[in-house]
Structures are given as structure tokens and as C-alpha cells.
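Residue numbering begins at 1 within each chain, and the chains themselves are lettered A, B, C, D and E in the order written.
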Amino acid sequence: GGPKQSDDGKNAEAERDYFKVGVITSLSGASVYGGNVTRRGYDLWAETVNAQGGIEIGDKQYKVEMVYADAASDPATGADAVERMVTTDEVDFLFGPYTSGVTLGVAPILEKYKVPMITGSAESPLIWKQKFKYTFGSIPAVDLTGSAPVSTLVNEVEGGAKTIAVIGVNDAFSKATAEAFKANAEQLGLEVVKYDIVPEGTDFTPLVGAIKELNPDVLAVGGHEQTHMEVIKAAKSLGFMPKAFLMHYGITTPDFINNLGTASEYVFGGAVWTSDLEYSDELWGSTKEYVEAAEARWGNMPDYTEAASAATGEVYAAALAEIGAVPPLSEEEREQLVDALENIKVDTFYGPIDFANEGDWYHNNVGLQPLTIQLQNGEQKIVGPSDVKVADPIYPVPGWEER
Amino acid sequence: MATGLNVKNLKVAYGNIEAVHGVSFDVKEGEIVTLIGANGAGKSTILRAVSGMIPIKEGSIEFDGTLTDRLPSHKVTQLGMAHVPEGRGIFTRMSVLDNLKVGAYQRNDKQGIQTDLEMVFELFPRLAERSQQLGGTLSGGEQQMLAVGRALMTGASMLLLDEPSMGLAPVLVESIFEVCIDIREQGKTILLVEQNAAMALAIADRGYVLETGNIALSGQADYLANHPEVSKAYLGGDIA
Amino acid sequence: MEPVLAVNSLTHYFGGLRAVHNLNISLRQGVIHGLIGPNGAGKTTAFNLITGVFKPSQGNIEIFGENLVGKPSHYCAKKGIARTFQNLRLFSRLTVEENIRVVQRGQDKNLPEKYRIKQLLKLVGLENSTSNFAGDLPYGAQRRLEIARALAIQPKLLMLDEPAAGMNPSETDDLTRLIRKINEEFSITVLLIEHQMRLVMELCHEITVLSFGEVISRGTPEEIRNDAKVIEAYLGKGVNKLRGNRAKC
Amino acid sequence: MEYVDNSQKRNLIWIALLVIVATVIPFAISSFWLRIVTGVLMWIGLAQSWNILAGYMGYVSFGHGAFFGLGAYVTAIAMSLGVHFIISALIAGVFTAAFAAIIGYPTLRLQGAYFAIATWAFAEAIRQIVLVLPFTGGAYGMRLPPMLNENFFYYMMLLTIIGTVAIAYYLMHKAKFGLKVKAIREEEIAANVLGLDVTRIKISVFALSAFFPGILGGIYAYWITYIHPDSVLAPVIADQMVVMTMLGGLGTIAGPIIGAVVLFMGNRLLWVFWGDTSFYLVLVGLAVALVILFLPSGLVSLVPRLGKKDKPKVDDQPNSSVTEHTK
Amino acid sequence: MDLFFQTLVNGLLIGGIYIAVAAGFTLCFGVLHVIDFAVGEWVMLGAFAVFWLNFFTGVDPLIFLPLIMVLFMIVGYYFQPLLQRVITNQQSNALLMALAFTFGMSILFRGSALTLFGFNQRSLTTFLSGKNFEILGISIPALRFGATVFAVLVTLLFMFLLYKTKLGLAVRAAAERQDVAGLMGIDSSNIARIVYAIYLGLTAMSGTFLGSIFSVHPDMGLRYTLFAFFVVVAGGLGSIQGAILAGIMLGLINSFVAVYVGGQYIFLILFTVLYLILLVAPKGILGKGW
């Protein structure tokens, strides 16, 4: 079905000398924060590519032009946005939304129009289980990344954690994070003294108060930056300090560190990337150079979501170069592009990107190694697994008064 | 300086519909003047215009030497005019006592307020009994007492009474009219709108007969009371 | 014959306040019965109890022998009770015609002639205002519309709460004629609250006087007019006393 | 009489034209705009349903989003059990109507703002229930089998909307039922005392106003293919129904239609042109505030013929209007 | 047992936060009959105002409380006539008009803040932040304690104002019937402006506390709109005593459910309780609402 326009449109359109790239992300609504973080990554890639003359295909360079649409953190709006991108703006390929919900809302439409999308975020494992052909993700799902920090806390620190309390917010990503923490903890023989999933917007003091009473070695939290800040504030205001806080996404955002100051110190987290890693990269040169560029551009240290988003563009560039397709992409070329994406393995400043072709992580990036990080002196330090760590984990961490 | 109320060529409209079509009348200090007329003649409308509750379309209203036709109602009230509106306008969620206190809002003479409160309670013992009951739960007649009582609490020099006897038991109707006489004896002025024209004319000095927004007739109360047409239309033939 | 309405030892409290106490009323078919008494005596409360707006604390209400206590208002209406309200309760943003149509049972054209909208409005003198919003009518007209609306449900018993309030004597006289007509031509029993003695004395076959929620007197208009208790509590001495007063000054 | 016939003929021609235009729209516009128009239709239906309750009966509900969401979930669950979509959506409508009737019984005793907030409270409670129930997917939401046929959804929406508008028009403007509903809005006690079974009428209206949102929720779920408590049970859904109706004109048939078109289209247009920043929100907010400020009777008041409240014609045969209404 | 008391204290302090947002809101409803949808956005603007003041001067945010109060009172005083225009329009349902209008304002404020200040999370650090003191083994967060004390004091002050002063008498009269209040010599429109000004002043001040307890960002308001609705309705619209009681009650439910039942069910239980309260006591728990 579908309107004819997209079909004729493609053929009718004259050759372009640039790629049109759609960006759908949350520029307003509940996930505005993360949405803007992904956008920073995408934008920096586009700016950098264009500054260097464009994507090199054969012997010619093609610049990229970004087209944005706000998904307003709402699947329906996201779906409208995709429809517009594909049929009206006729983009060649897409950068995906921040939230898993919007991703799930737009993915079927991409199947229909056969336009690929790589999302730099959306870590809910749910997406990949759906096996969408045209949807890829450059951040490994949280059920994969949640394992490293728990195992570090159990096996790689002195004394090793024995008990853990896990709380999570009741949204797809946060809940999956909490579940991953719990599952890993149980597997590693930790005693889970409390497990609770709370609705968004709750006040954490009572829960933290209860957990303080149970006095676990580790308090693990599944949530976004705001949740993490509130949990830390609640714990501090109740004078509660477990041997370690374990959090996931969010502690790597600059706001977490800026707002909490010393209270953010020593928090453990899971990540697949930090600015300490040393990868080489075609576009920027190396991880270090990317980080400098991002810092210069946005005034903040990039976190792993921003980095993943920036690296996403490089995968496209590599795949396009490989199939030698020039803009505008025909449906055939887009099919080829998807094939290429499935098989390519690209080394970026962010690490190797390699999309799985089967299993529960279908089309998700499985090229990366999950890392345990800890905030030390305001920086994210890799403290595990032991073979890649750049610093020793500090455990138990100093109390509130000793900082 | 002119005292009392002086209304010239008053026109009032609700939206596009003119309800009062150029009415002139006056009330001299210390007089009781009554406005009589059928349903919908515009009596209440005139009172509302005079007290500033609704804007006027044309004309002038002068009260104690001040032009009040462009003043908001609270300013007019501050000049010493109290209006008991049609439908009583009780503060339903406030106690009887608070309703009366609101009446005295613009006064600062504690002594005088106390005296007037006692006066009101004497006049309407039911209000004293129910001083803590919420205004809204009073019976219709009790609310009417409260509305009149509240106006008396303002200490105003001029009272506009819109059907003060409505819904009152006959004994109380009498008391209300007696109060009017008392008030007048204190040197105050009253503009009285009444359906009970016989009673109104019995206590009034002068009266105006209003017909669909125009003054049809005016004169001394006795003259009107004995006027055959007035008698026929508003007094219901002979006086009971 | 079974009474239209029989109220037995009806009592109602508002919190600690006893508004109606041990009220008994029995209405024979076809009478006009007056319910008078000082302000706050409990008259309106009694109406609210009979029409199911309030649930009585104690007592019995029967219409044609059927108990109404605990029944919802619309059930009372179906059994033949209609009423008007002391503080008007018209459907203000419905037109005059709609105010009647909405309460009619069945289609206008299938109803007996005298219960049709046109006739009802003519009866109360509103035939020229059919398409005005009820809320825009002058007060007196609204009162008459309430009566027409009450009639439209074809009641057996019509209860009027101060229908003459805000009317001048000649309008009151018109109303008197109207109520009599309703009573006679529609054969409707009427229970009437009113403070205008002119109307009450003229119309009522029998009168009950309430004071502080209790019956203090009952009888024909003549008996009531001359009952010392009623004069003391309620009637007073009339307009002539005032005349004298004014003459003084 | 002549005049009436002519105007009815004219109305019929208008309606016929509209139907033709509505039917061919999918062939005339791009798939993106078809999506938007489908969205507009959905909101017309939602706003109109809300208007049945608030505009005519005077009960302001802030919980109507719940019916939409319940409809979406019921449809999703039914379809996951293998029930055909059309049947599922109908089940959803019936379910939400029945649910509304049950919840309406106690809730409709509340007045004014209390009713508004009570509906909002139960809507929130439902969102929380869906988040914790085992068969709703909780925070992970539910996915429906995709059927990516824009035209199909357009026509489904169109059909439902025509149904909503027609029923609203017939019941509220033509049938005596509408008068009863308005009487309740004006004076509930008097209506009851004069024989209207107020409780039953209120519950029926509440159930009716929940029926269509239920179906629309079902269509939405299948259309978007993914539902989540935050997307189909968010308070903002009810808020928008309110604002659209107010914007267009409360208690009129045209009001919710105009309001939905203007707000949703306006929002999307601003979003298309300024959507790469959050600035368009400023414009949306400003527009809503300004319309309310300067056009208190809603946008319909710009078109006097539409904004006219349903006041019957004065003719010398009051009976004639009655006969044509009741059937 | 310790946990029980800790939970109790936590609940009371959450209640304090509820009350802080609700105090002005209930006044606004009680007097102006306006349900201000933008209440959360006023909280947000208040928090941002303090944030910027603190950013440029470095002075402790709590010191700015009086300044914020005055600032937003001025805003409220001049903003109210707009709202008045909306609600005094004769041909429409005032409650709904006000809702729709303030709904528009809330989008406008949120959009503006997002556009101007960006999406970042910001934090207000006061001299009380992160501090706590212990009484009998129960930790009491200093900032929350401060907010609660502030809220309770302000509310008591209001009750005094409303029920014991002449201004209060005028406010209550104007709340009910502006026209008749005018006949008593009360300048109702000015009273309405003053009340709205007080409401905004208070709401903005509570923004200071909320911004420091949680964080400052353009969307922060939504949550507080929720809380404010909640407390004000459960307490009975317009009833200040009711708001205090409801705030405390809901804080306690929140806290005890989180600890003894499960965090998952907090809102489910809260909203169900609110719904049931409405059904059982339609005028609020004290039966004193409008």
C-alpha cells in the first residue's frame, strides 16, 4: 500500500550531492534530557564530517544535511515524524530516538518504507527481541552491560560485596536495568535484601530510609540521571552511606557530577565507554581527540550516550563507502546498506561496532565490552573488569563526612 | 451642595437590550421614596445601576453631591450607600455573624458596630439564635432578615432596599416597614422597591411608578395610593 | 376515600437542629391546603422531605397509600407529585418551551390537549415567550413558568412553595385565579406554602400552621385568621397599623 | 416551511460534499499528511466524546484519557489472544462503556471540581494499575502486530468519528434525551424532582462518552503498533480533550471539531516548521491562551452560524419540531 | 521500631513538601475559584529565578526567599487581571475557562524555559542541603525539615489572616460573591489580585525548596501540579486546615506504603485513596471544601 509519492519521488528526484539524514529524538517531553544528549552526538558527527568535506564514496565526497523532528517523547509523534522524514523529506537514512518507546513506535514504519535507522540510545532489550530488520542500535542493551559492575563489586574488590538492595524506576529502561542488576547479583551469590520498582516521580526518602535499616553493602539503582540525583540526595539527607552506590546510565552525564559535587564521588556505574578508553578512529583520530572536540563544542565531557550517537554516523559512513552508494539512495541501495550494516565491523573512537545478526540482541551492537566505572575526582574511571581497568575500584567508599 | 440622590436620564442595558429608557428621579435626604412597578419594569435594574453593580449606558447619578455613575460599587458604598440586592446575596459559606461583620467592613467605630449589631439582633431575634449557622442553610425568610440586617450594619446614610419584605412572614413584614420608619427617623434616606405597594406607599413620602423602563407617574405617596390606576394595577383594588 | 397524600409523624433534623417535628398532614382529593408559618418554621423542609430531596429522620409519607420514604425524587414524581421551588430552579439556559418539553412524559402531540405545551404556556400567560431562555424572563414570569413545568408532568398533587413571592397584589390575584383553575379544571390537589395572606385566605380550603417545626394550628381560613396563637406568632396586625405610624411624623 | 426545507436540502448537500471529500482525501494527499489527518480525526472523536459529557451535561471529566488507554489495552490484549481487530475494538468500546457505567455510579454524585478531580484520580489509578498488572506488559508496554496501511486507519477513524458526531448530534440536538441532559446541567435537583431519572441519565451519558474513546484507543493501538502507559494513559490526553473543546466551543457540535483541527494541525504545523527546537511549544501555549482570552466562546464564535447554541426556531407550530425529533 | 519512626518522620516531611505547594493553591481556588493548571510551572519559574539569582550572586538560595516572594507577588498582581478577564466572562463556564487558559500558560512557560534555559538538570545548594540531624536515632533531613516548618508556618499565618482579620473577612466575602462584596464596600477585584499575588509568591517560594530538595529543570513542574491537586482536593478545595491534614496524611501513606507494602504500589494506593476520599467525603476530609 502506501502513497505512490515515495516511489515516484525517489526516482524522479535529481541527483543530490549530499546525504539527507533524519534525526528523530526527544527535544521536548519527559525524555528531553537524553534526547538532547543524543542530538549532540549526531550533530557533532555531521559537523565534523562536513568540515572534512563529507562522506567519501569512491573518489567523491558527499556532505550530510540533518533534518530534525521532535518525537516529544511520544510514540505517536515519533511515528508522525518518521513518516514525514521518509515521505516528505525523503531522507536517506535515520538516526534514532532516545527512548525505547519511541523506537518501538517508529520501527514498524521503517520496515514498511525500508529505510534504515541506527539509534544511539534506546537500551531496552525489548527492541532487539522484536527483530526489526531496519533498526539497529549502537549501545548494547542494558541486560548485557549491567553484568560488569555487579561482578566487579563481588569479585574484584577487597572483601567483596555480600548484600545488595536494588531499586528501579518503573520505565522500560530503568526497570530492565534493575532486573539486570538483580539477575546478575543472584547469579553471583549476592543476597538481594530489597528489590523494589517504584513509579516515576516518587519521593525516595522512605525507601532509602528502609534500605538504610537493612544496611546492604551495595545500593543499586536503575533509573535516569534525575532519579540517581534524587536517590543520592535522599541518602545523604538521611545520613545513609552503603559501601557502594551502583547506578547505571546518568551518572556519566555532566549534570550528575555538576549538581551533586562531592556527593557524586565514588558512585559505581556500568558503561561501555568512557573518555579514558584509547581507540583510534578515522574521523577524529582517537578517542582523546573526539573527547576534546566534543568538549570544545558543547562545553561538557561527553558521556557514553553522546559518544555512541556520534559514533553511529561513522558506521553509516563506512557502510555507504563499502557499497559505494551515492545520494539519493534508492530502495535497492538502502537494502544493500542494511546488508552492509549487518556485516560490517567498524572501529571507532567508541570502540568496535558490530551488529548481531541473530538472537536476543538482533541488530544491537555486541562489539563492545561492558565496563565497570567509578567516579573518581569527578572523572569516570574504568575500574573493571580487571584486564581493562585503568584505576582500582575504591571500596568501601568514604562516608559523606570524609570527602 | 446637593444631598440625597439625584438621577437624571438614566439608561441601562443588558447586552443589546435596554431595560431602563431614560429615567429621572430624586430622593432627598431623610425621605423614603418608593419605586413601584410590575415584574420586569426595571426597578431592580435601577437600583443596581445606582449602587454601581452594573454599568450605565447613559445619564447621570449624583449622590450627596458626588457623581457616582462611573464609580465601582465599592466606591459608591464607601460614600454611604447600602444596597440590599434582589435575591438577597447572602454569603452562604459564612456564618450569620460573619455576614453581619462584612456589612460593617468599612466602618471603624467599634462602639457603633456593637450597638448596631445589638439593634439587628433585637430586630431579628432569629439571627441572634443562629449567629453561627452558615448563611446558606438559613430558610428563605431568615436569609432575607440577614440581608436587611447586613445592610443596617453598614451604617450607611442611604439604603436601597429591593423587595425587603419578600418571603417574610406577615409579622416580619410589618417589622421591616417599622424599621424603615425608624431608620428614616434617624435621619437616613431610603429608596424602596416593593411589590407590596400598599405597605410601601403607607410608609413612603413619595413614589414613582415604573412601567417597562419608563416613569409613568410620580407624586406624594398619598396621591399615588389613592390614584385609581395605581390602585387597580398595583394595589389589587382595595387595601386589605 | 384514600387521601392523596398522608404524612405521618414526619421529623427531620439538620445536625442537632430539629427543623420538622412530628408533622401530620392528610390531603383529601381535590383540596387546596395551605402550609404557613413563620420563617424557618420548616415548611420548605417538609416539601423537600415529601419530594424525596431529603430523607426524613423519622416518619411516614404515603401517596395514595404507597410509602415514599427512601424513594428517589423521580419516583415521587412518577407517582404524581410535582412541585415548584422557593428559590427558583428553572433550567435557565433552556428555552421556555424546552423547560416544559423536557419533563413531559411522552410526545406532546399524544398528550391530553390541556397538558400540551401550547396550552400550558397559554394557561400561565407565557405563550409569547416560548423561545426565550428561561433565565432571561422577569422574576414573576419565571415563577409562572415553574408552575407550568410542574403541571407538565400531569401530577395528582401540586406543591407550590411561595408562588406569589415577588408579585404585586394584582399579579397575586391573577395567580390566585390560576391556582384555582388548576385545582378545579385539572382536578389537582394543591399543597401551598405562602406568606401572602391575600392569596392563602382566598384560596385554601384548609390551612396548617407550622412554627418551629410543629403544627400549632389547623383549620379553615376563617379559624386561622382568628386564632390568637397564629396572630401572635405569624400574622401580626396588618397594614393599618403602619398607616397610623406614618401619620405621626 | 419553505425555508426550513431549503435549508435542510442545503445542509444535506453540504454533508454529501463533506463525505465525498472525506472519502477521497487518502488519494489526494501524501502519506505524511494522511497520518496527520488521521490523528486529527482521532482527536475530533475524543474531543467530541468529552464534549458530550461536559458540554451538554456540565460534568467536567479529567479522566477521559483513561477510557482511551483502557480501549487501547483491551484491544491489544484481545488481539494478542487472536481476536480480529474490528471485534477487539468493539469489545474495547463496550468494555470502556461498561467500566464507565460502573465507575460513574459513585463518581457522578460528585459536583463540579470534585468530579473533575475524582475522574483524574481514577485515571491515574488506572495508569498505575496497568503499570503493575502482569498481563499488560507494565512499563515495557505492549506491541501489536503491525498492519501498516494508512488508508485503513484513516477510514476506521473516519467511520468512528462520523459515528461519534452523528450520535452526539442526534442525541444532544435532536432527541429529547439531549434536553434531559441539558436540564441536568442546569438544575439537577429540579430535574430529579420533576421526574427525570437523573442517576440513570447521567450514567448513560458517561458511558456513552466513554464508548468512543475506548474504540479510538483500540484503533490508535493498532495504528501506532506500540502502547505504553505513558503514551495512552497519560493525563495530557484528557487535558487535550478539554482544551480542544474549549478552544473550539463547548456544548456545540462544531466546537470540538474545530478545536481538534486547529490545535492538532496547528501543533503539527508549528512542529514541522519549528520542530527542531522546543520553541514551537511557546507558540502552542501562547495560541491557546490567546484564544481563550479573546474568544471566550471558542473559535466557533467566529462563525456565527455554527456557534449558535441550539435554540429552536420560533414557529407557530411548536409541535412540528417535536414530531421530527422523536422517533 | 526505629524503622517505623523513621518512616513516620519521612512521611511527615513529605507531607510538608506537599503542603508547601498546596498552601497557595488552595487559597487560589478558595478565593478565585481557579484551578491553576500552571501551578507547577510557577514552582518551576520560582526555582529558576532563585537558581539564577544564586548563580550570579553566589548568595545562599534560602536568603532569597523574601525577594522571590516579593518578585512573584508583583508578577501575580499584574498577571491576575488577565485571568480575571477569562473567568468573569459571562457566557462561559469559569472553571473550565480558567483551566484551559492556565493549561495554555503552562505549555508556554514550559516551552519558554526549555528554549531559554535548556534541558539541563540544575541543582540548588543551600546551607541546609545534605545535612541532617538525629533525634533518638532518627535522622531528620535538615532541608526537608526546613521546608516543612516553612510550609506549616505559612499556612498557619494564612489561617490567621483569613479567619482572624478584617482583610480575611473581606477575602472570604469576595470569594463568594464579588458583586455583593462590592456592595459592602469591598474592592473585590483588588482583593482577587492580592490573593493571586500571595498565591504566586508562596508557590514561587516553595519552588526554592523543591528546587533544592530535588532539582531544577523545565519539566519539574508537572510533578508538583500533581501533588498540589492531590492535597488540595483531599483536603477540600479552599480549606486550608484540610490541606494541612491532607498533606500530612498523604505524606504518611506515601512513606508507609513505600516501606511496608512496596514502592510499586505508592501511586496506585495514593490515587485510589484520593478517589475513595472523594466518594466518601466529597468536600474533603474535613468536609470544609467548597
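Assume a residue touches a chain if its C-beta (ideal position, glycine included) is under 8 Å from a C-beta of that chain, and two chains touch if they have at least 3 such contacts.
From a predicted model like this one, the values you see are computed outputs, not experimental measurements.
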**Prompt:** Hey, how far apart are subunit C and subunit E in touch steps, shortest way?
**Reply:** 2
**Message:** I need the common contact partners of subunit C and subunit D, sorted by label.
**Reply:** none
**Item:** More contacts between chains, B-E or A-E
**Value:** A-E
**Asked** Which chain has its C-alpha centroid at the greatest distance from the C-alpha centroid of subunit E?
**Response** C
**Request:** Name the chain whose C-alpha centroid is most distant from the C-alpha centroid of subunit D.
**Result:** B
**Message:** Distance between subunit A and subunit B based on Cα centroids, please, to the nearest Å.
**Reply:** 76
**Asked** Centre to centre, by mean C-alpha position, how many angstrom separate subunit B and subunit C?
**Response** 28
**subunit B and subunit D, separation of their C-alpha mean positions in angstrom** = 49
**Centroid distance [mean C-alpha coordinates] between subunit D and subunit A, Å** = 39
**Asked** When you check subunit E against every other chain, which residues touch at least two of them?
**Response** 111, 114, 264, 267-268, 290
**Request:** Quick one: which residues in subunit D touch 2 or more of the other chains?
**Result:** 128, 131-132, 277-278, 280-281
**Asked** So which stretches of subunit B touch two or more other chains?
**Response** none
**Message:** Per the touch rule above, enumerate the chain pairs that touch, sorted by label.
**Reply:** A-D, A-E, B-C, B-E, C-D, D-E
**Item:** Contacting residues of subunit C [partner subunit D, same complex]
**Value:** 51-53, 72-74, 76-78, 82-83, 85, 89-95, 97-99, 101-103, 105, 107-109, 116-118, 130-131, 133, 149-150, 152-153
**Prompt:** Quick one: in the complex, what on subunit E touches subunit B?
**Reply:** 166, 169-170, 172-173, 175-177, 179-189, 290
**Complete:** Counting only contacts in the complex, subunit C reaches subunit B at residues 14, 17, 36-41, 44, 86-87, 137-141, 162, 165-173, 195, 197-198, 233-239, 241-243, 245-246, 249
**Request:** Write out the stretch or stretches of subunit B touching subunit E in their complex.
**Result:** 51-53, 72-74, 77-78, 82-83, 85, 89, 91-94, 98, 101-103, 105-106, 150, 154
**Message:** Which residues of subunit D touch subunit A once you look at their complex with the stated criterion?
**Reply:** 30-32, 34-36, 39, 128, 131-132, 138-141, 143, 146, 148-151, 220, 224-228, 230-231, 268, 271-272, 275-278, 280-281
